[in-house]
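Once you've had a glance at the structure underneath, I'll fire off some questions.
By written order: A, B, C and D. Residues from 1 in each chain.
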Amino acid sequence: MPLSYTIAVIAIPLLMFFFLGLAGVKMDKKLTGVLGVIGMLITTVIAYGVALTYFFGSDQGQVADGVRQAVVVFNPDWLSFTKTLVVRMGIMLDPIAAMMLIVITTVSLMVHLYSLGYMCDHHGHAEKGFQRYYAFLALFTFSMLGLVVATNLFQIFIFFEMVGLSSYLLIGFYYQSPAAVHASKKAFIVTRLADLFFLLGIMILSYYTGTFDFDQLVFGPNGANSLEVAQSAIATGGGATFLGCSVMAWALTFIFIGGAGKSAMYPLHIWLPDAMEGPTPVSALIHAATMVVAGVFLVARLFPLYVIEQGAMEIICVVGAFTAFYAAAIACVQSDIKRALAFSTVSQIAFMMTSLAVSSADGGLIEIHGGHGLGFMASMFHLFTHAMFKALLFLCAGAIIHAVHSNENSKMHGLHKYMPITSIAFLIGCLAIAGIPPFAGFWSKDEILVACYAKGTGWGIWMSMVAGMTAFYMFRIYFLIFHWKKHEVHTEHAPSDQPWTMTLPLIILATISIVAGFVPAHDLVTWDGKELHTQLNWTVAGSSVLIACIGIGLAFKMYYKENELPDKLQARFSGLWEAAYRRFYMDELYQFITHKVIFQGICKPIAKFDRGIIDGFFNLLASVTGSAAYGIRRLQNGSIQSYVYVYLVGALALAVITMVCVLI
Amino acid sequence: MNLTLLMYLVPSLVMFGCGVYGFLTRKNMIAIMISLELMLNSVDINFVVFNRYLFPGQMDGMFFTLFAIAIAAAETALALAIIINVFRVARKVDINELTKLKF
Amino acid sequence: MEIFSNILIYFVIVPVLTLAGLALCSNKGIKAIRTVAVAGASVLVALAIYLVYLFLQARGAGDTSEMILRTDVTWFAPFNIKLALGVDGISVVMILLSAFIVFAGVFASWKMNPLPKQFFLWFYLLSTGVFGFFISIDLFTMFMFYEVALIPMYLLIGVWGSGSKNYSAMKLTLMLMGGSAFLMLGLIGIYFHSAADGNLTMNVLEIAHNDAIPHQWQLWLFPLTFIGFGVLGAMFPFHTWSPDGHASAPTAVSMLHAGVLMKLGGYGCFRIAIYLMPFAANELAWIFLTLTGVSIVYGAFSACVQTDLKYINAYSSVSHCGMVLFAILMFNTTAMTGAVLQMLSHGLMTALFFALIGMIYGRTHTRDIRDMGGMMTIMPYLGVGYVVAGLASLGLPGLSGFAAEMTIFFGSFEHSDMFHRVLTIAATCSIVITAVYILRVVGKLLFGAVQNEHHRELTDASWEERLSTATLMLSVAAIGCFPNFFVNIISDSFLPVVKALGAMI
Amino acid sequence: MDYSQFLFMPQEIGLLFVFLLVFIYDTFMPARMGKHLPMFATILTALYTVYAFFPCPDSWGMAFGGMFESNPATWVMKNILNVGVVIVMLQSIKWTNDDFVSVRRGEFYELILLTLFGMFLMISARHFLLFVIGLETASLPIAALAAFEKRYYESHEAAAKYVFTAVFSSAIFMLGISFVYGMSGSLYFQEIGSQIVGVKSPLLILAVAFVIAGVGYKLSLVPFHQWTADVYQGAPTAVTSYLSVISKGAAAFAFMVILVQVFGAVYSQVWQWMLYAIIILTITIGNLFAMRQRNLKRFLAYSSISQAGYIMLGVIAASQVGMTSMIYYVLVYIFSNLAAFGVIAVIERATGRVTMDDYNGLFKTNPWLAFTMMLAMFSLGGIPPFAGFFSKFFIFVGACHTGSVAIYVLVFIALVNTIISLYYYLLVVKAMFIRQDECVIPYIDSHWTEEIALTVCVMGIIAVGVASGIYTFLNQVTETITPMFNMVG
């Protein structure tokens, strides 16, 4: 299948958006849903075709002397700032783009299908705004696909905004609930703040390099990432520095902040838990699998630049490692399963970031601190697997919530015997994320840990510990939902497995989660397009599995059967527990800054100043004139003699003053 | 004794001053009119004197004076008529009556 | 009369004819009045589009002259005042913008009451002034049309306005006229130094080519003219007429005023102040850059706390128009192109905003966002329109605001000087603040629960309202999706200015 | 003597002729024919105006030993005044036929014509004797006219105020002239001008100040203005309008001639600065007072004071351009002010209401009157596309023509003042268009003569500005007297 079909992959969702958004209002709700699914199915098929062609078909000239290179399908000008600095809207396929195509379309298709069931009440009636929902899903899919196939940095920025918008619209889908509106607003503004830095980064970068295009920033002559090109691009900065750091370091850091906003890195993570106000399938698609990894994708895109600007890389490393732990710690105590999953997402994305960051320095340094990018490969691999099993977990959670009408795990307990399929699927997901072989998560996470150990034992131990926590909190959730104690039925009818539209995606994703680990990622998604030969590092693998098992065991001990242990521990470390439960008060901090400092401290005074001082000044002018007019009216007192007096004095004064001026 | 220019100019100036002073201080309109006459006449004196002393060769000043006298007469007539009108309405010739229109 | 062979003059003749036609209508015959008004507006749109076609054709045919469609007709010979017509890319797009907004404005004031006839009379007098300003390149004529466009505001607001309309109308008129007082002095000063060889001229192009204005004169003529136009461009601290004025003005007037009239300011700043006095422009740019930079952030911040829809919009206009002047003062083609894009974008977007606000106000009879909520469920069409306008305003890709602002930011950042860089970054921050207040109002107004149960009976937009807003929405999307089309029209027109400025540096 | 030199004053002769005819009609016609006298006088004046537009081929030159000059400029100025007078007469026809004034309608027209004759003398005089005669002829009858409405007390008070201050100022004026005569030994403008070149005596400065005061009185320049408001308010509206435009226009022209021809030599040292101060005072004080007025006649009085200040901007330029724009300004001002006064006169005649609050909601009942008034206000405020805008712009350009920074500052002050003036002009518009009132003035069926007058004014307001030919023509005319400005130093 010719690669140019990618255009269709982008175009179909866009058309679906306009079609469903405009015409959908008139159509039957279910019909629009089905149309959406069909459209997505076609998109997925084409995307798979294109991606597989790119990876395995060799007739498209994308592989040159063992290097898998980027193929630009088409690339028209969109907006030209100057003759040289031009924004283009194009489609480019390279390993990570192709991989992302698969990830996005797969998860999106699953979610489309799943939503057919999810967005209906128990009598199978579609909810209000069903068409709008599918239109927005299509819009998001379009934006995300456009993002990953971008040919230049600015196009990525544009689609960053677009995915931000669709996320805003979907989080606020239930726009009559204030919580949803607030959450969507928060999500948009936080990511917008990050995008501001992204924009500044692009400004600086493009000012010094004079281009947005990747093929001048990072892609070498053979169309794959090349350190030399990145080197020269950086060099165009002419060693210009700002506050002691090179401008390029600033630019790349800013760009990373942009990515961090989307990928919910600490301290910009606060929007993600609230984003769970949206429909659960949306959380699965946007806030677990695809959009939130945009930041990782962005860094991976500019990987060679980061490799050379070690300063920026260090920042990413620290932020990633810290976020991984921080989110995991919070995830351990959340009672709302979606929030718990959200924090586990944050933690997992932090894994990817860290792995990218350590990548440059991993085993066997080759010429200029390049590294053969095990971490890069691991990160992308984990991105792939994580998308699958996290989507699975979220969809399971959705099924559960749909069954018990609550997010609180206290309302669940012992659901295993009511909804076995969901339970097994969820278990698979947990095993995958916990990194138990042979499930998908094991392979990718193992590579990551290897990369981390290669950077330094400290980093490795730290990340292994976080991996252990991951296993613990995931199984804590699992046990609390499906076991712990007998389920007491709250609703009129007992919870049960959901209709096939919802279970089928679970099964498919579960299968993928089992087998995805055996995808030959080493050969396919490497930073320089060359095949990467690694063999399993048994010490790391063994230790990580061991740690995972410990975590699971702990969770089993504490949460499999109802017991006092959790409460005791909670009482023992109540302060810590409280802090973690309240997410270490980050939201309160933001609340304080935005409301007290900015709103009360800046906006209100400025508004007062405007009305009072500025406007007051002009009103003052008017009133002064008026009162002056009132004051001088006494001159005209109606008496002839005073008139004549003024006349005479005026004439004489005129004469005298002139004499003084002229004669002296 | 021969009179110099100053000996005429100073009195005429004084006359003018008196006229102005009278205009500004008197309450009776007739009196005010008289002081106006004083002013006009002092001007006439000026013209005549300048003509006689400085430019004896010509008559401009003299003629001007003649016309000025005529004009003054006309003015007086008109002013008197108006004063009478005012008197008809206000029953007074007090200048302070005429302050209804102001500000 | 060879002047009638020039298409440009018809941009003035058509509104005047419409005026005449309206004058002939009877006060009662609302149908006739509407017909005439719509006819006039449609003809204007058609003319404008044809003009764009002509322009592209001329440029395509390799006509690189600075202004095309030039015609000079002597008007006041003693002062060498001419009726000098001519357009370059900037005026062309401005004319296009004005035509579209006039078109939309006619439909937005469809049910205008009372005195529809008089309303449209003033409305078209205003349009006459606007078009006249854009087509003429003679200082006197420009200034005349400028004031022709200003004065109808007084009656339009005073008679058909709402709220404290008397105060607002008087304030707006006097402040703008105060601006034009500065302007008039500046123009006279320019005129008397327009030529070294004594034969003075009012023609912008000739003055620019003579380049005879002594530097020490430029230094105080430039501020006069720039402030004169800046007042209309809502430059801090001369912007305070804008919130009150807009709040009291009727819908179509707000549309036309924010959409087109405020653009006269930016256009004039560039065409007269900077173009004719590059030396002073270079010398004094920093003052006005600071002022405009302030108004960008300042306007955005003050918009955050407003509760009246029109006040919010007025302050965001201060912010966006500040961006226009800011970019114009950056003196490079990219930023200036961005400025014109921003004028287009802001014009359409704000017109859309005011149209929607007017329509909502006409139904709910309140503009206070605290009294409204859940409008999306009640009037979905207007709701969606408002969201679109909001997204355009906060610069979302695919809508006009994004292309404009990005061009401005990247263009301004081209400036190698640190001062300009810092200001640019400060200005860039406004995109976040904009998002804040736009989402705030969208969330309060459209989403959430319905505040007032009586609102549930309200109807959605009627056909003419849909037409009016759809026109604007499509234009916004068109600019947003195909910015390069407009950039290609605009950007070359800045070369002479940039060259003149470059010669100064 | 050579009677042929009377040929140099065709307009004056014609005017006298008209005057005599009216006088004869008034005296000898039977009483029942009396009601046609106003129409008769008006038509006659109109015909004469038309005739006066066509100068005799060789009518330019000096007469009576250079006392009297007739040149294109004076000719144009007189024609402009003629037009104004015709409009005033048209407006007053209906009023003079009212019962209370009908007995004296003859005097009204005769005095107006006589005053006009005096103004012609002022305009053409090149000798102080003739000038003084003209001045007095132009000012004294107005006192009688002011006292025309015998039934109203205000009329008498106005007349008294006018006559006393007028005589006083003419006394001061003549004193000034006597000084000049004492210094130069001549009363001919040009001779004096050549005599005082380089003279820098306090006496001269005093003389200049007194002359400015004397003529400034007629122009009602601050601080010689205070009679204006009271007289305008008290006098009958027809007289007020006549006073506000015609005599002001004539005085402005004569003023410029005197200042340039007589005192041109001391322009830059002496009278430029006097005028500078006077202009600032006049415009500002006039505006400030006008802001608070409710009575429209008084309001227009103050507005006309500040307008006089703008006219002086043309004088202070002391150049041909300045003179052109001054004449142009006067022309426009005649149309605008007469339109305003015309509306006021109509409404006052019909309802007797003259305050601004009476005009609330006028547009609803009398759209055309309101429209005319609005045009007048816009034109006075200098709003395009009406004539006032052009005249203001050109008078500013004319002033700045001198090129001195001081004048730019002056123009700037004037411009700032235009904002204030716009404010109070808009107050009237606001009253008519925006304000509402329960006791609004009912529909007024105005007389056709008044309608003609108003129509002429409206056409003038709209056409005079846009039709650039008028200004160009005025420019050509004044170019013929450029030599006059040569000795300005």
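In this text, a contact is a pair of C-beta atoms (placed from the backbone, for glycine too) under 8 Å apart; a residue touches a chain by one contact, two chains touch by 3 or more.
Predicted model only: the values in this text are computed from it and were never measured.
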{"item": "B-D or C-D - the one linked by more C-beta pairs in contact", "value": "B-D"}
{"item": "Inter-chain centre distance, chain C versus chain D - centres from mean C-alpha coordinates, in Å", "value": "42"}
{"item": "Chain B-chain C separation of Cα centroids, rounded to whole Å", "value": "65"}
{"item": "Chain B-chain D separation of Cα centroids, rounded to whole Å", "value": "27"}
{"item": "Separation of chain A from chain C, taking each centre as the mean of its C-alpha atoms, in whole Å", "value": "38"}
{"item": "Residues of chain D touching at least two other chains", "value": "160-161, 164, 168, 172, 229-230, 292"}
{"item": "Shared-contact residues (touching 2 or more other chains) in chain B", "value": "23, 98, 100-103"}
{"item": "Residues of chain C engaged with two or more neighbouring chains", "value": "174"}
{"item": "Full enumeration of touching chain pairs", "value": "A-B, A-C, A-D, B-D, C-D"}
{"item": "Touching residues on chain D, where the partner in the complex is chain A", "value": "160-161, 164-165, 168-169, 172, 200, 202, 205-206, 208-210, 212-213, 217, 222-224, 226-227, 229-230, 269-270, 273-274, 277-278, 285, 288-289, 291-292, 420"}
{"item": "Residues of chain B defined as touching chain D within the complex", "value": "16, 19, 23, 29, 32-33, 36, 39-40, 42-43, 46-47, 50-51, 54-55, 58, 60-61, 63-64, 67-68, 71, 74-75, 78-79, 81-83, 85-86, 89-90, 98, 100-103"}
{"item": "Sites on chain D touched by chain B in the complex", "value": "128-129, 132-133, 136, 140, 143-144, 147, 150, 153-154, 156-161, 163-164, 166-168, 170-172, 174-175, 177-179, 181-182, 185-187, 229-230, 233-234, 292"}
{"item": "Residue ranges of chain D in contact with chain C within the complex", "value": "321, 324, 378, 383-385, 389, 393-394, 396-397, 400-401, 403, 408, 411-412, 415-416, 418-419, 422-423, 426, 429-430, 433-434, 468, 471-472, 475"}
{"item": "Complex interface listing, chain A residues touching chain B", "value": "633, 636-641, 644-645, 648"}
